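The next part holds the structures, each set out as structure tokens.
Shared chain: chain A. Partners: chain B in the first complex, chain C in the second.
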Partner chain A sequence: MSHTTMQAGGPPASRRSERTARQLSGARNGRLLLWAATLLLFATLLLQVLEVSGVVSMGLVSWRPLLFAYLIWAGALCAAQVMIRGEDGQRAAFVLPAVLFTVAMVVFPTVFGLYIAFTDWNLSAAAGRQFNGLDNLRSLFADVYFWNALLNMVYYVLAVLVQYAIAFGLALLLNAEIKARKFFRVAFLLPLMLSPVAVSWMIGKSLMEYRFGPAATLARHLGWDNPAFFSTPWLARTSIMAMDAWVSIPFMMILLLAGLQALPSEIKEAAKVDGASGWQSFKEITFPLMLPVSMTVIILRIIFQLKLADIVINVTAGGPGGATDTVSSFIFREYRDRSNVGYGTMLAEFYLVIIIIFVALILKGASRWMQRDN
Partner chain B sequence: MKVSDFERMMAIGLSRRAILKTGASLGAVAAASGVLGSFGAAFAQDVSLRGQILQVPGVGKGSPTDADWQKVGEMCLEATKKSVTQGEFAGVELSFMGLNNQNLHNVLFRGFLKPWEDYTGAKITWIDLAQADYNPRLQQAIATGTVDFDLLEMGAPFEGDVCGRGLASEMPDWVKAQIDMDDYVDYLKAPVGTWDGKTYRISVDGDCHNFNYRTDYFTDTDLAKAWKDEGHEGEWGVPKTWQKVQEVTKFLKGKTVGGSDAIGYLDAPKAWGGFGFYFLASRATAYAKHPDDKAWLFDTDTMKPRINNPAWVRAIQDVIDALPSESGDQLNADPGTTAFQQFLAGTGSMVSWWGDVGAGARTSDSSVVGDTIGFDILPGSDDVYNSKTGQWDKLASGPNHAPNMAYLGWGVYVMARVDSDEKKKKAAWSAAAHLGGKDLALWTAAYPSGFQCYRKSQFDIKEWVSAGYDEAFITSYLNSQSNSYNHPNAAIEPRIPGIFQYYSVAEDELAKIFAGQATAQAGADAIAAAWEKITDQLGRDKQIALYKASLGA
Partner chain C sequence: MATHVETSTTRPSLWSRRPQFLTTSLLIYAALVFWAFVSLFPIYWTITTSFKTAVNVTQGHLIPFVDFMPDWKGWRSLGLSPDTIFAQSTVRDEFIRRFFNSIVASAGASFLAVIIGSLAAYGLSRFSYKFLWMKNKDISFFFLSQLILPPVVLAMPFLVLYKHLMLLDTLIGLVLVYTLMVLPIVIWIMRDQFDTIPVELEQAALVDGCSIWGAFLRIVLPIALPGMVAAFILSVILCWNEYFFAALLTSSNAKTLPVMVASQTGSQGINWWSMAAIATAAIMPLILVGIFLERYIVKGLTAGAVK
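Presenting the complex of A and B:
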């Protein structure tokens, strides 16, 4: 009976023990594989370090062997997961490549960057890279160019609110029953499809060119004698903001439009029946309902805005007198023109921390505000 | 004449008239060859070749194209054929890193080297860089030991970084003979191009800033009358000193020439990846480079910056004073704007630049000032600052001139990584020698290429006139360069590592000064402080040693 039951309920004990033995053997092989790959990885790392420090000379001209060892180890880790943990391991193997890739391409460079940030590393310096403690941080706090650029970022971030208002207006327009709506939707998206570098040249260096640019010519016809868009600090800053807005508003607009289209029409219709005016309908219904989308749009844009550099570098190089400089364009100069890798990395890491704190605060604030509103 | 020869000549753009002229010349030279023997025959061939390449595509016939560059490359291949057999470098692959400014430099090199590749069998891959990206790319490659190119277009200021670290291949003797290094202008001979007594560089360019001006402005009778009426000293004419440049620039404000607004000097206040600093330097050298002192940028023994001494501060103040009289958006003008979008496009009457302005004046499609342009060495100064005494000296010889030898010209360098493979090494040096050939140099100086004269043989006015250049124009152009190169008080740029870091930092501070956020003195002091920091970071003792070496001190 028990024999029959056992037959009906599962494989015989001998087969089960055979499978268990296979699993145990697979797990043992998996561990062995992982150990071997880990050993290879650390051995390669050790050799590379010894090579760099001049203890051994094996002709390792680059760190590429370590990369290959890491790839082998990553492959072995995935295989070992399957061999050791069976189905659970298979599930892990789906995620592991992405995790390992992120570790290699994001986590490691960021951590390594932190190390670089605490070194005095100028590419032209004969002494090479030297650990210099907190010197770079002290230089940063005393660096008027950095704080000037950071102040400019405040202005640029504030400009996002203006961009949002315009984008919302355009989204409302494109959500309404207007003629050629589809055409306008595509047309308004075009600036988003352009590279900011192309925009810099087409608009900043051509349309707004002082001598022959159509915008300057038009301005002269309108009575502006000296239509120099980039010669005074606030005008230059505003011109950069305008160009940036031209590229970015479509991005905000398309997200807001998607949000508007997802709104239930019944509520608006009910408000209409109750006699609400267009403004009342917008103020009391559309805008509050759109708040989650709006917050997402604004936060995404602020994150993008904090990285603003391309248009500034191409059109004004940060001038006049640093009026349009951004933190990213300043870091770019520190790296590109001055080969000052240690300090440039400190700037980048410090700015990353500022961005993380700033965005976290915004998210927290937005979340509280929306909860209160609800 | 064989029909095939005639067709070939027509294919390279020679007119029937030019062929007849060349034929007549050849006939005359051939007649003389009985007396001159084989030397005469070779000379006749050279003269003919140099005349022919200057006709490609011909002065006043628009900008040259890739077909023209290939044609010139083919015509100048004879020297290569003497040292390399056909197909000798089959299978060799070389990587060449250089610039692509204004679609020149590497873009031309491709065309010039195409026939060389076809003949030798080697294959070249290209790494093209914009001017502003060039320095960091090179510095990264040097610092991280990732030199991934076999040939490098580089300026002499980087020799400390590259040759000083053993990254370059020493020039073989056969190359020296092929490119005729004795023909180089004197200031480009050793120590430029050498390091620790070894030669590394094939020059393809000579650099100095010269003074470009509009002749129509300075022959304008209305302006001459106004100049007198306003009580200015002296006759209306091309300024010879920076004091006069300032006076003329302010005088022209509000006046018109040919119906357009008259504008004087064109400053370039906007940063340009460090290269913008050269343009302040061109204003400053006459004030700061004393004939009794080789140094003008740093003190020789200490590397103490001179940027905040009265001479440099005066130059900075000159820019501040002149800017309101210049074009309305001058504050946003970098050197690329002043030369190509302003001066050659008809805005402004005076600009300091490399030879590209003159080379493009009559051969570039975008130039409108070809007939109204003149050249001179950089203006001088009535007095010069003496750093040793701290006084302004008035020289008995008159105004102090100190042409700015900005950048010392581009050269082609072969990297040491080819040294382990003899075939590859020979191929790399052969390619470099082709680009640095004597005849090719004539063409690159005559047409837009990014390069100007660097050989004595390039200053033969007759060659240029036969190519179609106006004699007065080309004499003025070439004299402005040769007089700069040979000037006894020329300001030679230091070949020290990280020189562009000094310039780049200065550009940031200058931008603040020109935007009115700091005084000339305060800004200059800030630059000096930043320069001291860079010197310390790079290693003061090493910098001092290299600075002294570059000055020949």
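Presenting the complex of A and C:
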């Protein structure tokens, strides 16, 4: 799996032959270990499959033995790498645990999810799982609510740009010569710490509450007679966006602030000496220099924004009429309220494909743009 | 974060050179105070509401001791007020169990993720791997690309899988999912950390007869410890706030705090003071973390993203 980059000083010649002999026997043992573990893994798998299909019955109640067999196999694989390939194996052993973990936790469930996606499976129905081909995909294309949720995602992603603008402003403020910078930085950072679920109560269900919420009271004082923040589609969507912005602006702000502080101060000084105004020096110098950081921040935020769900689930549950629904919250309700596992998983896999294409396009576009700029 | 460049010596010249300096700085402070208010008011509101009675809520009283007299009502319903703290309280027991679950799930997952994530990050930062067609860049991308994966894609397969593995509604199951969730972030942060540590240190140790793992454990790890702490704290925050998987994969035994908060919002109508008390208790640990460990959070957030 690996070859050397860091050349260590070789061992003295006298010990070399002894070491190769030990390595040879170690390699033999390593192979033996790996084979034994692999055998164990497949034997367990076979037994479990037989058990499920009813050929043998050993009283296995779950697939847990397979989990343990996999753990043993993973351990044996790492040990065998070290025993067979010596230093190269030691290097491989650094990255192997993470790889084995991720593969077991992601690749297998995703593939399994693909299978579920092509079945008609409702947990509340007695029929159980049935393969139904492309039916789920067909109903997906006919599902108005799903496309509506997807359209909402476009709005939510666009809202990231507004968040970016505000975050940039705040970062500039914090970067100015001010007193009590530490206080303001901590205060601005705090919303990021809070869980979206708590935020949905704190802001969505109490601050913006129609009768007694301070935000509603303030709105009444400002002359808005009927401050129902979640009544009309656009109002509800904007309220959700505002809450989401409240939580996530600090994230962008901190990254942008770090970018600002990493800028060489001589450049700004030079601009000041040349008599550039604040706005000019921002437009001509600061902003262009901040482009790489801005790109990273926006792309990261878009990736996180595509998962937006908690606030929507807890404040509006998608309403009114699906106006605030995100794809994730829509699928969440499909799972939990309608137990529609097969169809929900098809939606999720379809969404994943869209996301991958979208993010790949963004990354490609960003890297091309940065290259053209340089 | 770097300290700022302006020193007091430049200030007098600015005072004299720019007549509009005063207004500019006034505007800056106004904006700062405004946003600090936006950031802090919801938190202030939640904490004070937990000490209100129904009248104070409906009449919109805001300032304790001036507008209204604080009352332990909200905390009493949670069993955490001074007069109920030693009495039996099922709500408190429930709350403490959820609190404990949240701690175990987030700390366990962060610990696991920091261990295997740091190992992988070190490997990717120091050695060049080749596995089939995948080189270091591809392996890194493989890990980072997990960030894109939305929880909904994994939720159902995990539900089915966990049911068969008897991991549904267990803390171990939750820890495994959370580890998966924060692993890419940990690898990202730690790779950046290891990249800044000079290779010469390990080379010297290798010449002295250390093995590769020995050099890593004895030389590199102590230097990288602050970075690991930053990664750990960031992971704990992310796991503590996680709602989606917890809502789907746990029911009675391993339910975490966010799920409890969410279920209370739905069921209790407008019982604001007790909701506020629960919300306050749920966010308080994070607010303390935010105030006292802000340095580490900023370090973790900015690692890798800003060069």
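We take it that the second predicted complex is superposed on the first by the 352 of 374 C-alpha atoms of A that agree within 3 Å, B and C clash if a C-alpha of one lies under 4 Å from a C-alpha of the other, contacts with A are read in each partner's own complex, and residues count from 1 in each chain.
Going forward, a contact is a pair of C-beta atoms (placed from the backbone, for glycine too) under 8 Å apart; a residue touches a chain by one contact, two chains touch by 3 or more.
As the structure is a computational prediction, the values presented were derived from the model and not from experiment.
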{"item": "Touched partner set for A:V49, first chain B, second chain C, both or neither", "value": "neither"}
{"item": "Which of chain B and chain C A:F112 touches, first, second, both or neither", "value": "second"}
{"item": "Touching partner for A:P191 - first (chain B), second (chain C), both, neither", "value": "second"}
{"item": "First, second, both or neither for A:S339, with chain B first and chain C second", "value": "first"}
{"item": "Which superposed partner A:S231 touches (first chain B, second chain C, both, neither)", "value": "first"}
{"item": "First (chain B), second (chain C), both or neither touched by A:N122", "value": "first"}
{"item": "Touch count on chain A, higher of chain B and chain C", "value": "C"}
{"item": "First (chain B), second (chain C), both or neither touched by A:Y210", "value": "first"}
{"item": "Partner chain in contact with A:P320 - chain B first, chain C second, else both or neither", "value": "first"}
{"item": "Which of chain B and chain C A:S62 touches, first, second, both or neither", "value": "both"}
{"item": "Chain C-contacting residues of chain A that also contact chain B", "value": "61-62, 209, 211, 335-336, 341"}
{"item": "Residue ranges of chain C touching chain A (in the complex, touch as defined)", "value": "1-2, 4-6, 11, 24-25, 28-29, 31-32, 35-36, 38-43, 45-46, 49, 57-58, 60, 62, 116-117, 119-120, 122-124, 126-131, 139, 142-143, 146-161, 164-166, 176-177, 179-180, 183, 187, 199, 202-203, 206-207, 211-213, 216, 237, 240-244, 247-248, 257-259, 261-262, 265, 270, 272, 275-276, 279, 282-283, 286-287, 289-291, 294, 297-298, 301-302, 305-307"}
{"item": "Residues on chain A engaged by chain C in the complex (per definition of touch)", "value": "1-6, 8-9, 61-64, 67, 87, 90-95, 97-99, 101-102, 105-106, 108-110, 112-113, 116, 169-170, 173-178, 181, 183-203, 205-207, 209, 211-212, 214, 217, 246, 250-251, 254-255, 257-259, 261-262, 265, 278, 292-293, 296-297, 300, 303, 306-307, 309-310, 313-314, 327-328, 331-332, 335-336, 341, 344-345, 347-349, 351-352, 355-356, 359"}
{"item": "Chain A-facing residues of chain B, complex", "value": "132-133, 135-136, 139-140, 142-143, 145-146, 161, 269-274, 327-332, 334, 341-342, 345, 347, 497-498, 500-501, 504-505, 507-508, 511-517, 534, 537-539, 542"}
{"item": "Touching residues on chain A, where the partner in the complex is chain B", "value": "61-62, 120, 122-128, 145, 209-211, 226-231, 233, 236, 316-323, 333, 335-341"}
